[in-house]
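Shared chain: chain A. Partners: chain B in the first complex, chain C in the second.
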Partner chain A sequence: MTASLLRREGLVPLLRDLAETLEVVAPILVDGSAVFATWRGEEPALKADNPLNSPVEFFLPKREVLFRYVQYSGRYTFAEEPPKARLIFGMRPCDLRALEVLDRLFGADIPDHPYLARRRSTVVVVLNCTTPGERCFCGFLGSGPAAVGGYDLLLTDLGRGYLVEAGSPAGVFILQAHRCHFEEPLPEDHLEKERLLAGAEEELRGRRPALSPEVLKRAIEETDWEVAGSRCLSCGGCSLVCPVCHCFTVIDQGVPDGERLRCRDSCTLAGFSRMTSGANPRPSLGERLRHWYLDKFVYIPEKTGLFGCVGCGRCSRVCLSDVDRWSLLREGPR
Partner chain B sequence: MEMIATTCVYCGCGCGLFIHVEDGRAVGVSPNPAHPISRGRLCVKGWLAADFVHHPDRLRAPLIRRGGRMVRSSWDEALTATAERLKEIRDEAGPGAVAVLTSAKGTNEENYLFAKLARAGLRTNNVDHVARLCHAPSVAGLGAALGSGAMTNPIRGLLSSDAILVTGSNTTEQHPLVAATILEAQSRGAALIVADPRRTQIASLADHRLAPRLGTDVAWINGLLNLIIEGGLADEEFIRERTAGFDALKESVSKYTPEVVEKISGIPPRDLEAAAAAFGEAPRAAVVYAMGTTQHSNGTENVLALANLVLATGNLGREGTGICPLRGHQNVQGACDMGALPNVYSGYQKVEDPAARGRMEAAWGTDLPPAPGLTAVEMMEAAKEGRLKGLFISGENPMMSYPDRGLVGRALESLEFFAVAEIFPTETTALADVVLPAASFAEKDGTFTSTERRVQRVRRAVPPPGEARPEVEVAAALLRRLGVPAEYASPEEVMAEIASVTPSYGGISYPRLGTAGLSWPCPDPDHPGTEILHKESFPIGRARFFPVELLAAGSDPEYPFLLTTGRSLFHFHTGSMTRRTHLLDRELPKPAVEMNPEDAAALGVRSGGRVVVESASGSLEVEARTTDTVPPGTVFFPFHFAEAPANLLTAADLDPRSKIPEFKRTPVRIRRLEG
Partner chain C sequence: MRETGRRADGRARRGGEGGWGGTDGYVPLQAEVVDIDVESTNTYLLSLRPIDDEDETVEVDYSPGQFLMVSVFGLGECPISIASSPTREPLQICVREAGRITQGMMAARVGDVLGIRGPFGNGFPVADMKDRNVAIAGGGSGFATLRSLINYIADHRDDYREVTVVYGARTPQDLYFTSEYGSWQAADIEVGITVDMMDASWKGNVGLVTSLLSEIDPAPGAAALCGPPMMIRAVAKDLLDRGFIEQEIYISLERHMKCGVGKCEHCTMGPYHVCTDGPIFSYDRVRDLI
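Moving on, here comes the complex of A and B:
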């Protein structure tokens, strides 16, 4: 059994069963907005915009304790916490693509154990995007609106219920273990899925002209970054909200006992590239913005074969200077 | 992971954000897309707003000074010692010898209870807070001219302005969400006029930039008014129907021809004329101002000049117009609203008004003193002279934030007793007799009132560290020890009491405070709140013009430079939170005085070299940084840094009307430090 149908009214009971053994994370409504948080029995907010806090946060927290250190009689002992067993429900294909990029970065060369441990202990249930958000542009980057692999379970909202497909042994196991919630899909359910996703794809492609990596690279070179930077308010939001951004800094807090923390960093901040002497190879906001784009569209593709941008549109949603970041590349700054 | 919806702790924008909580720890922050101000966006401080919460420096246990050393004590012991010492001093030396300083970082509920502690508990009106150092001139000036000292229009309304005059506000760094709104309005076609001696980011993006000499605001604002009136751009109908005193204003400003203004302020006539046309011709124009306007020894006059400008052009009471004093702290508006001021109860009900006093006496069940008390800086002077002997401070750091640090240090040391409730050790707690560990914004429930009068919820996301407690509990415990009943089961019950005694908060209760909060005045439980003030009439009937004059700017040959102080984007005030936020501190890790390259060359100083800056109040050594964002003759220095406190240099020269000190214009001399 690799595909099943989950009726709408079966969703909450399924999550309730899953939550008995795993921490279930899902988009829920808090104070008027959908956010990814621990699910506590409410109706998941699957129709709302993809939450601003990407579920990638559960693999690479903005602030994580790598270990605690305790000094006793002149000797240090170190304590690490094991990762939680989690199921992330309702992750979108763009965020799944972000995980694939991070897998290639954090799984290569020097493996990043805290990340990989969380990756291993987390079940990923992806929701295909049949109604793309206003600022989304995943269609062009190949990171949506449909997921093509890398998930444990994949849901597509067909209206009368969700078509659920397994993409891993863990996914098959969930379908088996919780079969009471599922029923056999009809052959036309698969056709309906294809029809809905083709519609979403068409809508996304209609929004943006197709640009190749070469064209993107040239657009980055030709953009007047000093003009773009002149209106940037240095909030760092674009890089702090990006599901692919992963740069971090490590700090120790506490003497003699304390914690080694890994915190999200941002290359749009001057201190990120400032050298010990005080000199800075990217002193202006424009130069740092340019660097951010180069990383996404040139450096990360060179390393991983995947774009460092998944088209989720979060950077545009949080931008304080209201720069539509995609238009910036397409048309140059306003 | 839980997501707790709350309100940002930094500036007055009042952004709605989520604190991400994992196992009782704050692990991140993200903006709330449904919130009317943040709209899914935050500034860099907002994104990092919870980073200081679990810092190991947090105060975790009450401390009492014994034999010159701070010793850990129980809460009961610390609270009893505090209440008894203040009571003894009050009984021996009179209620004028004790005072309370509350905190603009605290909630409304805390400010209300600390004001009640002063008035009902200690029987003194000696209660004030840091608003004295920021918008006291707005409360005084706009209160006199319009009848209300608060921002008249909502931040979002700026999107429908046709012209926006920003003066004395480094908006992109100090109120980034307001700046974002202004820049969005500019993109939609609004003319942006920015007056600032420094070329700040918003000044560099202005359509019309005015660069007046420091301290000459009254002259160029009068000059703008003169050109607007002469050019027939005044709103005669508005002036006739809704104001009083225009003729005297017209005569007063007629002296300020573009040539006279140029002589005083250095603004070329064509720049002034272009700005006057842009502002005067706009159907809807708004004025946005902040500390650069108010922190002068003529701060109230600066505010009155701006009030004259919006009144003469009829830019009040409509969408897209208004006068917008941007409040610096996230709850400095609320602290004022709660009556943490020496002359008013909550809702600006005057202590001198027998009817208002009678109502508060009935509500609190006690007699209340009729005469206004001491203002913040006056408290320091009184302490130094021995008239003030006991002080309770909630979350303020006068050693860093008040003018003339030398005077403040002597004042605090002269006190017989003072206690401080704080979240981190500060330069002020170091001198205290009792230190009480307080809960931070992430650890308590309550409300903050933003710069646009929006009352919003603050929610506890994580438990306080160690034995730290929310200050609502501290204030209530002190009130009980002073014999005033104060049994509040929660901050919500405190808000119910606030609503019952404060007409403008009469309709505010926690269940009504949704994502967007409520803007006061909100007099009853069915009232939808008031986003735009003065739509039909002013609280004083007709608004009043107050002519103000400035015909010469002084200079001092002994101190040839003018020092102006302020904040940076990456730090907040005295840095107790931001200097403990790794990314923010890394952005600006050390103090530097900013000077024009021409001045640096004349002094033989290179960028990064050390200089001595001296004023009549004091001197300090600091690194120089050259930048052409400051004009020749002016230097800028932020006051975040304990290792080089800018307020060693500033003087406690007070504006006679509002008692605000002169922070923005201190004559100094500078020399290169050898070696």
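Moving on, here comes the complex of A and C:
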């Protein structure tokens, strides 16, 4: 599809134009760390590590109102809020893959309308990873460092500017409507993109040897999860930052009028599967951790054809016990 | 804000053959409580009239073994088995006092409304059970979902061969649907009842469901089970010894659930979502998971 070149100095003016009609979300520096947040005119932190909060939280928020209920003479009326029109700028290929996994899970059987409505009303602008983060291992899982589709616009940082490629009608529309910010790319720009991404791929390959799904499954079966779980603090942080994790709970707030809320949850928490009777199908930490891995590397692949882990490394970055999730699986607990 | 009330497709029909047509999102349908029966000291049978926003009755299609996500606005939502048979009006749920939400349901009076979503889940394979002997074994509150199946079979009695029901509860006061046993027997269904602890008034069996099975000796065929895991394992083993096969022993499972539509992950059991892959599983699929 169409490609253009965006000069570095053209980035903020382009975002300013886009922000006139859409809420723009971008990686922004807060106290030295990048976070995905509503963009308010600053220089986006595209050179920093992928933010610790995944952009998936703009599709499956930490807390969202499913609907409001209002009681009038013993009967209720319900109201849902339509999602905001949004553009997420600077999402990485791994997080885009996470959205593809969620599309398949949340679109299957009985569709999840709140998620799908947000997906439809959001423009996704992806940034290829030319310099992978320290804990990343996307190369092995096929979810990076380059995006191959599923984006509206795809950026690659070439140094002198960004090569911008459209992957959807919405992307083409943005390139055309805001063409004053773009210029024609040179043929060598495309070659430079390939060279940079090949370098990134090379670096990732040296970092993690590739393992087959069968080897992964065996590794999960052979791991002593009770020992592995002994280091876990059961804080649920890994699930909150994981772009594929989507466990949620539903609670009501307010009588007689109020809101039914959906809040993120984690299968690593002790009470997650506990029934009112007190019976708990996964009472030990080891069993819950084992389930976390089985879901990502066995069950989700069976359902969607894609791994439930995208190699973003956030779980290892956030872990209070400094458990490297990936090493835990490959080598057993240290 | 978009006022949704009831959507057009929700108004006409909910549910449908095999389970899930008609269910639309997280906004529930309202259901008026039209009757309340006391089944035991801590269990009520609520009769419901699903309604649209003009108070018109909405027909809900379901099959035995399916469940509803039932809400008390302000307290929340939880899964409850459908206790009535689709062959009979009204729609009924059996609510046992367990936590805040079920307490809220039991506080409802005739004329109040609850929220319902569903029906969800696969239900018992009533078509596959046709022309088979059917053994039904329940323990405790698990008997509610089996009552839906028993009444369904009673209303299609010619489709099934020998039908046996065994049911155990803790005490005589904990037995559900006592007024219906006679009608099942009249429909040529053998009924065996037992309790763990008897009282002065009790003249029936005392002991486990499995000992009652030995007495009744049901002929091999299809089986439907619901109850505490210990009972399920013991009864399944007993039935296998009698010549039943794992693929025909259907078990209704209970799990914590928040969505009912296979998304929230609370009810996962190995590779399955109990809400959408179940709640009815043949024993061979869940033998190592329960």
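One rule holds in what follows: the second predicted complex is superposed on the first by the 332 of 334 C-alpha atoms of A that agree within 3 Å, B and C clash if a C-alpha of one lies under 4 Å from a C-alpha of the other, contacts with A are read in each partner's own complex, and residues count from 1 in each chain.
One rule holds in what follows: a contact is a pair of C-beta atoms (placed from the backbone, for glycine too) under 8 Å apart; a residue touches a chain by one contact, two chains touch by 3 or more.
Please read all numbers here as calculations on a predicted model, not as lab measurements.
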item: Simultaneous placement of chain C and chain B on chain A, clash or fit; value: fit
item: Which of chain B and chain C A:G254 touches, first, second, both or neither; value: both
item: Which superposed partner A:F58 touches (first chain B, second chain C, both, neither); value: first
item: First (chain B), second (chain C), both or neither touched by A:L269; value: first
item: Contacts of A:C235 with chain B and chain C, given as first, second, both or neither; value: first
item: Centroid geometry (CA): angle chain B/chain A/chain C, rounded to a multiple of 10 degrees; value: 80
item: Which superposed partner A:P114 touches (first chain B, second chain C, both, neither); value: second
item: Chain B versus chain C - smallest C-alpha distance in the overlay, whole Å; value: 10
item: Contact residues common to both interfaces of chain A (with chain B and with chain C); value: 249, 251, 253-255, 258, 265
item: Chain A-touching residues of chain B, taken from the complex the two chains share; value: 1-3, 5, 16, 18, 20, 22, 27-28, 30-35, 40-44, 46-47, 51, 54-56, 172, 176-177, 179-180, 183-184, 187, 201, 204-205, 514-515, 569, 582-583, 586-587, 589, 608
item: Chain C-touching residues of chain A, taken from the complex the two chains share; value: 66-69, 71, 74-82, 105-106, 108-110, 112-114, 246-256, 258, 260, 262, 265, 267, 272-277, 279, 281, 291, 294-295, 298-299, 302
item: Complex contact set, residues of chain C against chain A; value: 1-5, 20, 23-28, 30, 53, 55, 71, 73-78, 98-99, 102, 111-113, 115, 229, 254-256, 258-259, 261-271, 276
item: In the complex with chain B, residue positions of chain A that touch it; value: 25, 30-33, 35-38, 49, 52-53, 57-58, 61-64, 230-231, 233-237, 240-241, 249, 251, 253-255, 258, 263-266, 269-271, 278, 317-322, 334
